[in-house]
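Across the two complexes that follow, chain A remains constant while its partner is chain B and subsequently chain C.
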Partner chain A sequence: MTLHVDGAVIGRRLPRKEDARLLTGRGTFVDDVVFPGMLHVAFVRSPIARGRIRSLDISTARDLPGVLAVLTATEIDRFNAKLLTFFFTPPAEFPFPLLARDRVAHVGEPIAMVVAQDRYIAEDAASLVTVEYEEETPVVTIAEAMRAPPIHTGADSNVGAVIGVEQDEDLEAAMASAPYLLTRTVRHQRIAQSPMETRGVVASKQGDELLVHISCQSPHLVARYLSHALDQPHLSIRVIAKDVGGGFGFKNHPWREEMSVIVGCMLLGRPLKWIEDRWENLVAACQAREQEMTVRIGLDRDGKLLASHSDYSLNSGAFPQVPDANVAVHMFMWAAYKMPQCGFYSRAWYSNTAGLGAYRGPWGMESLARETLLDVAARELGIDPVEIRRRNLITKADQPCTTPLGIPLEDITPAECLEKLLEKFDVTAFRAEQAAARQEGRYLGLGIAAYIEPTGAAGSMAPMTGEFVQLRIEPTGTVTALMSTHSQGHGTQSTMAQVIADQLGVAYEDVQVFEGDSSRGGFGPGAAGSRQGVIGGGACRRAAALLKEKVVRVAAHIFNVSAESIAIDNGIVHIAGAEKQARSLRQIAEIAYGEPSRLPPGMESGLEAQYRYDPPPVTYTSAAHACVVEVDVDTGFVKIRRWLSCEDCGTIINPAVVEGQIAGGLAQAIGAVLLEETGYDDRGNPLAVTYKDYLLPSIADVPDFEYLHACTPSQSEGGFRGVGEGGAIIGPPTLVNAIADALAPFGEVPLDLPLTPPKLLAVIEGRPLAKPAEKPATQPMPEPIASPAEEVTPHREAGVLVDGSWKMVLATPMGPQPMTGHFETQGGVLKGTLASDQGSQDFEGTVTGNLLKWEMKVTKPMPLTLKYELLIDGDTLFGKAKLGIFGTAKVTGQRASTTTG
Partner chain B sequence: MKPAPFDYYAPKSVEEACALLAEAGGGATVLAGGQTLLPLLALRMSQPFVVIDINRIESLKFVSRADGGTRIGPVVRQSEIISNDILKQALPVLVTAAQHVGHHQTRNRGTIGGSIALGEPAAELPATAVALGASIEVRSVRSVKKIRAEEMYLGPYATALSSDELITSIDFPEWPVNTMPLFREIARRPGDFALAGLVGAVVIESGRIARAGIAWFGMGPTPIKARQAEAALVGQSIGSLDAQRLAELAIADADPFDDRHATAEYRRTVARRIFVRTLSEALKQRQAA
Partner chain C sequence: MSEHKIELSINGRRQRATVEGRMLLSDFLRVDAGYTGVHVGCEHGVCGACTVIVDGLAVRSCLMLAVQADRCKVTTVEGLAADENSLHPIQQAMRDEHALQCGFCTPGVVMTLAALTGGAEKPDAETLLASMSGHVCRCTGYQGIRRAILKLAGESEAKQP
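Here is the complex of A and B:
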């Protein structure tokens, strides 16, 4: 393999620098890390979905030779480490434990941690820990969570988060007057996050230095997370993750097991290793999706969109990493379409199942629901599926514009991507082929879908900062970059090198990119939200420009010419037009480092630069896909015959990497539509605990994709757009639409993933699918854990003590936001201040009896007017805040102090 | 996912292996290709005290023609079945079935004996042994005996093998060179266990069916011999076969179940169709040849 490249390096299909080590088994993953004296961890996990721990006996396990310790919540909790979300906020108004305390809330929940000299002994000992449970009836499904009392002590319902409004009068009126109203419920099954490398951590502590090797998506983010979660001011934290075999979202930050191992290491003072095995991965790791959405769309008879409302629920499980209702689902539901008005209602439900985590395109339910319903509408209205999109998609000519939910759009191109796709795919010819095939009893179908995707977001939420690079030309003339980006297969060591080589005018082979160590370079959240190409790429360009400027100044001084006449080509610095007047970059570097006296007066020695790039708040990527399937009507099996993608990810750094990202996402999409499904029985037992039952798509299930690239440069530095999640978002509706089109002669395909052969055969045979038996009505409903709080009602009586300080929590879509409120009343007038780590703000409102009301404007994460309505009951308060388009958030509070006078 | 402790033996002879099995008193498991056993050990779903690795017993690796039939040693790899010239000639349907077992990598380790001994109801090789009327030679310190394949399987993973017995050969009767093979399976992904599968052999003499062996896999708690269909086939003229009726008869012997991947009704429906498709296509091919 040669890495030498002449000429421009951006936009070329260059071999990846990391491939040689990864493909020959020379990568360094967490399990490759070994320390002297290292011990191994196995977890004791709950075999039941819900219950109280009556007793826990670790004595036999502890006595097994080779066992060093058996730690339970009693020991681990002494350290007071906290689980936090990606946003560094508490996940709920009640704490999530590291190890289960007195209750268990899902099968696989970690209860105790055995530390032994090897993993075999650790597992032997784990099986000797005896736990007695008082088993309770679990809450497994969304429907059960809606009916059941809260599964968590300290919660007042199973709603983990709620945003939006159930019904809006104006919207209902618009919908009622629409000539055609379509209502469907779309269901996405639960998916296991199934990276090739499972989770894993090796924690070691030397003095005040905690060194954590962890399989993660950004060592910088994990270091910052640990700093907040451990809250040990004197601790020096270093996090390393060299090679990582896939992240997809649930490796954004450590969770219960990794945190327990890190705390265990601090308690025992020995290096500890835990590598999640595949059974643990499928049973206990954070999972994904399990969403349902009932969408109502009003259209006119020509298929023009008029109004829409979506009612969305997701089964968050017991301890979700992301305990929110994902506002992005609604923000982007209609963002690429001319939809005059839309509304939403979102709820995330706790249940006795494994918690959810973010997973490639976490908000992608919007595209699945929208694109599949558009096809249903097109069929019912007798409009071609391409045509209904042409009539409604926002085109370049429609921009700039702002969506009804407040998203400004300048340069999205889904309509243009669709047209480019149709130049390559002849729909008319396909329809003829489809008709002819049907005559022979073969059923072909075409699916088309389009979407936009927010990428490269920065500046709106705590972890979402710019990306950072430290760049230097070594005295040897080679180029070294220390980056805040991180690859779990993304190939950033190659793509970032391409950007730097291109900008500096050096060979690709001469640029080395280092990432994966929080002690080097600077903070960046790494792989999360399709951001590294956009922001890391921008940082590389800016830093390289700074460095190039210095090289040019040095060379100009040496040649005694003006800076404008200096050029750098393929690592040679020369006078433009006089190629013989040249120095190699190495010669320039040797002078810059070793002979400061030859530098321009006042110039620092060395050739180094750094840049932290803050891009525009969001950069949009657009795409349209087409897929052709054949469904075997004897068996219900789906064969994908062709798949075309036309994406617009702006300026392409490396087409092979872009296509790899799209293909990976599409493979996950194919898995989601046809194969993958975790599942639970009615006692909350997981049903897919090995790869015999959890069916990932294999090479035989994934076709060769055809790629078209639209390449509209973005507003961000270099014109890049993110492309990490698109395939996983647009793949599912494209494939569902193709299957539905193939089977249209038989009836409507249920929008209920996965579309298994038995499900499709039921459509073909026109019979209802045999459903698993409903729980018998006699089955007892779960008992409440604690009696719900008494209802507090507004009253007008005077004398309610309002004045003073209150500790409050606002349950925002990004997680609970702790605040301190200070209230002063004068008659019916309320004056106050709300302070949080986001800043402090004064407000004025009214007080009527125990009812407080006020409004305040905020600018982060976007301009909003917040409307608070709170009720006071003794020393507690509760109520809600309307957060504009984010819907309504719950507010709770406790009196901190009173002011008298 | 680390196995519980066990004692490991790697005997070099059948006698030694049988002695170890007898000594373990039911606490031993035989390791052949390990493609099922090792995951079961790792998951601790199987926790034997003793593992007896038979991979070093050279006398268990053979394919031979004898007494008008074909004998296959239990430690013959599935990939070796696919490339074996004797088997291509004598038992082409066994070769086809082996091509559907797992994947290249697993077939390089997995053995015919391991597959026959495990008794996975949706596996290809046990059903092929049942369809073709194979018998299984087993030895222990007590005896040498033969078990007819159709009497081998008692339920899912339950066989007529005693805990001290070792399979020493799988013996297939002679099937004429121009036997018509039948094979088709429906699986969620290539290499998966079948949702429904059909394997068989039909001997045609002067336009009439002289002999038929047919079995289902994935269609009940064990591989299932389609006896009624076999009986109805024999003596029929190939020009007047009623594939639909034969499929009904074949299904009548099956006993499919609901599981995570398919309902019993789905299996029955699809199995009926693959029976018709497979038989009709095979006959068409035969007539064209």
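Here is the complex of A and C:
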């Protein structure tokens, strides 16, 4: 099973180092970890979606032989452990419980945990716990959440988060004057991330040392999370995850069950294991997507974009891991297109369903909505779908440029990817084939889509740091790398080894990469935001360069030659013109470690280097895809006949790994468009609780993908760009567009996933769906919702009392930001200060009657120019602040004091 | 709860055990016998990750009780290759074709293909591909699995006289 390769190691389809153990069943997944004296956990879960717990009787369960304990919130809460988000912040104004206390808010919510000698007995005992409920009517859908009183006590409404504004006058004016206005609502159903390995944790504690084996996406991130969430400063926390059976965002950080098990282990002083079963995974774990977006786009008759607004809602469930309103959806909605102006309004709604979690390309709704609407617009305007994109995509020649939301672009290539794709796919020939097929009653369709994706982000959010490597040439001559990266199938043990081998001049087989242990390497958030190739790869190159420099210095000193005459190739240190003196790395390493006196004066012994690489804030990956389907008009079944991907992920480390990432994402996209759905009935009962009802794509559903690589090196070290999420983002619109094209002769396909055979048959047979959509596909402009403050109009009258202190709240995408404002006016000039927990800043602007305007630059969380426009009405103020990339945010305020004199 | 004495061969080694009637074969192989290459993805017979070979046939070990394996010959993914340092041709083909990412579904895929190609009959690619409809892989989009199958089928055809 040796992996000897000759020649260049980067850019080649090398076999993966992980595969030998995984193919022979020798991986170590969390359920393979066993401790002496380990006990097993099963959870008692709510069978109802909403209600009060009237009584909880654990006595029979506790008395079952083999049961060690039955823990409820009373015991678990003694530790005061907190649930936090991926950003280590509280998920809401009210704490999320580990185990339910007196109320339940969704089916499957954990209420008690049984600890027993094996899982069989634990499950027996769990079934003996009796809970009495006072059932209440659940809030299940977004539409219900909008109407219903809050499901959480202590909240004012079911809105968990809100960003943007419903109506922006300038934007409304631009859309009103557009020659063509397209409005559609796009719906993405709720789906389950479904890694083949479910969640699981084995927690053990020896004295002050807590050792946690967990199925996760970064043991470093979990260790940091636990340190915040447990807040036990004396604890030494070590987290290990050797092999993980898929993550996809689902395993970003521990949640209610894992935290309960860890706390239970500390309470009982015994190692505890919990492995989620598939029923629990489909019923109780965080799920993904369930969102809808009403998009309005103004275009001219040639299909040129003029303005757009998106009104977006997510069903966050009861206890979401991602409780925000997903600002990334809006940031990237039009980033690759010449869209002169756009705005958005986003709300996340609580409901009595499983919480929302992350899933590969969490913001992908933007591409689904944009690309499908562009095709609708193209059809209505009689423009070719390729042409409408050519007229609007940002090309290389247009850059550098900055999008209306303030995103700087230097090297995106969606337009170039599209052209490259079209060199391989002959649209004209396809249209002829399509026309001929229609004559025979066969319906072929072509879907095209293009996008950009932010990858390798670092430096602006707490967990999104640089990546780290500790690299050494061992005294044996082999190379060891301890990394901050982590693989749940990504193959980073292989790709990082390729980068190191390439940079250092050693054989691929001689580089060993270690990950998966928070006590080694350094912090990194793991597979989150397609970052590891970009940033981990950059770190490997930089560290390898440092190490190489040291080897060269040592060798130059030993042989008394200049550094320039030394070269390392395939693990051999050569001296130009003195081939006989060539030494193996091992020989040099033995000297470097064992004979420090032979090193240059002052040099540290050993051959070790480390580097934490901070890349540019964002590295963009671009792509264009094309897909051909045939829809069977008798059955409504979709057969995918061809799928081409042309992506630009910069310098490629291993094409097999890159293509594997694209293919995996596309298969998930196919599942989302055609098959997958975890729905609820109107009592909040989940409708897909096994893999017999939750349909995942099988081999027969996924075609052979064809790949074209554009390879524009990025600005980051090594020129890499991320590729982990692209397929899952660009896949859905590509496939939806193909189906819509195939069925165009029958009518418009609803933008309502999944596109199941019954939905497509309804289009083919020209009848409305049995269950009509809540809102018509084309809706009139929403009526502006008048809030009392919005009725205030600017007026020019003097004598408005501005001066003094104001208590203000800015509704930012990160949550409401309380501020204190201090204003002083002098004629038309406004001078003031805004202070918050982020610091305080002075500004100068204008005042006209009751209208206040100013601009100010901030540097956190990133450099932005904030533009405020406020109206004063007596002792209240109301208005908005334009936050660049983060859209527009509402500002409200109350007078705190007046300045006199 | 009923207890049963069973005797079976696992990966060529005879083994005796006492199991509860309700013990799944998957749990017995993983927990009692220590063959953790048997992966459990659903426990209801859909995903195929738990597939092992019982008396020459590919079987979902989550749908079989340990007691039913009494006097059977069981092979898990750990017992497939000739020795610790080599790969079975199925494993080799999957490695060459990058047919795995996280590797969780992999043992099941390998065992089904090994069971089908292990006999005298050499199934064609179509049969092998059809058998994969009983395996769920969430990572790879099945691209490498399909390539490995085509390669294996090509090889097995080539070897025929």
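In this text, the second predicted complex is superposed on the first by the 774 of 901 C-alpha atoms of A that agree within 3 Å, B and C clash if a C-alpha of one lies under 4 Å from a C-alpha of the other, contacts with A are read in each partner's own complex, and residues count from 1 in each chain.
Everything that follows uses one rule, which is that contacts are C-beta pairs under 8 Å (C-beta built on N, C-alpha and C of every residue); 3 or more make two chains touch, one makes a residue touch a chain.
If you're wondering where the values come from, they're calculated on a predicted model, not measured in any experiment.
Asks: On the A-aligned overlay, A:P195 touches which partner chain: chain B = first, chain C = second, or both, or neither?
Replies: second
Asks: More residues of chain A are touched by which chain, chain B or chain C?
Replies: In the superposed model, C touches more residues of chain A.
Asks: Quick one: is A:P757 in contact with chain B, with chain C, with both, or with neither? Answer first, second, both or neither.
Replies: first
Asks: Check the residue A:D243 against both partner chains and state whether it touches chain B (first), chain C (second), both, or neither.
Replies: Only chain C is touched by A:D243; chain B is not.
Asks: Of the two partner chains, chain B (first) and chain C (second), which one does A:A663 touch, if any: first, second, both, or neither?
Replies: Second partner only.
Asks: Check the residue A:G489 against both partner chains and state whether it touches chain B (first), chain C (second), both, or neither.
Replies: Once the two structures are laid over each other on A, A:G489 reaches chain C alone.
Asks: After superposition on the shared chain, which partner residues are touched by A:G27: those of chain B (first), chain C (second), both, or neither?
Replies: Once the two structures are laid over each other on A, A:G27 reaches chain C alone.
Asks: A:D634 contacts which: chain B (first), chain C (second), both, neither?
Replies: So A:D634 only meets chain B here.
Asks: So, A:D302: does it touch chain B (first), chain C (second), both, or neither?
Replies: neither
Asks: Please work out whether A:P15 is in contact with chain B alone, chain C alone, both, or neither, and reply first, second, both or neither.
Replies: Only chain C; A:P15 stays clear of chain B.
Asks: For chain A, what residues appear in both contact lists, the one with chain B and the one with chain C?
Replies: Touching chain B and chain C on chain A: residues 120, 277-278, 690, 692, 697-698, 700.
Asks: Write out the stretch or stretches of chain B touching chain A in their complex.
Replies: Touch list, chain B to chain A: 1-5, 39, 42-44, 186, 188-193, 195, 260-263, 265-266, 269-270, 273-274, 277.
Asks: How about chain A: which of its residues touch chain B in the complex?
Replies: Residues 119-120, 123-124, 127, 277-280, 634-637, 675, 679, 687-688, 690, 692-693, 695, 697-698, 700-701, 756-758, 761, 765, 770 of chain A touch chain B in their complex.
Asks: Note which residues of chain A are touching chain C in the complex, please.
Replies: Residues 1, 13, 15-16, 18-29, 31-32, 120, 194-198, 243-246, 248, 277-278, 487-491, 656-657, 659-660, 663-668, 690-692, 696-700, 702, 704-705, 727 of chain A touch chain C in their complex.
Asks: Under the definition above, what is the set of chain C residues touching chain A in their complex?
Replies: Going by the criterion above, the answer is residues 20, 22-23, 30, 35-44, 46-47, 49, 76-78, 80-81, 85-87, 91, 94-96, 98, 100-107, 110, 129, 132-133, 135-146.
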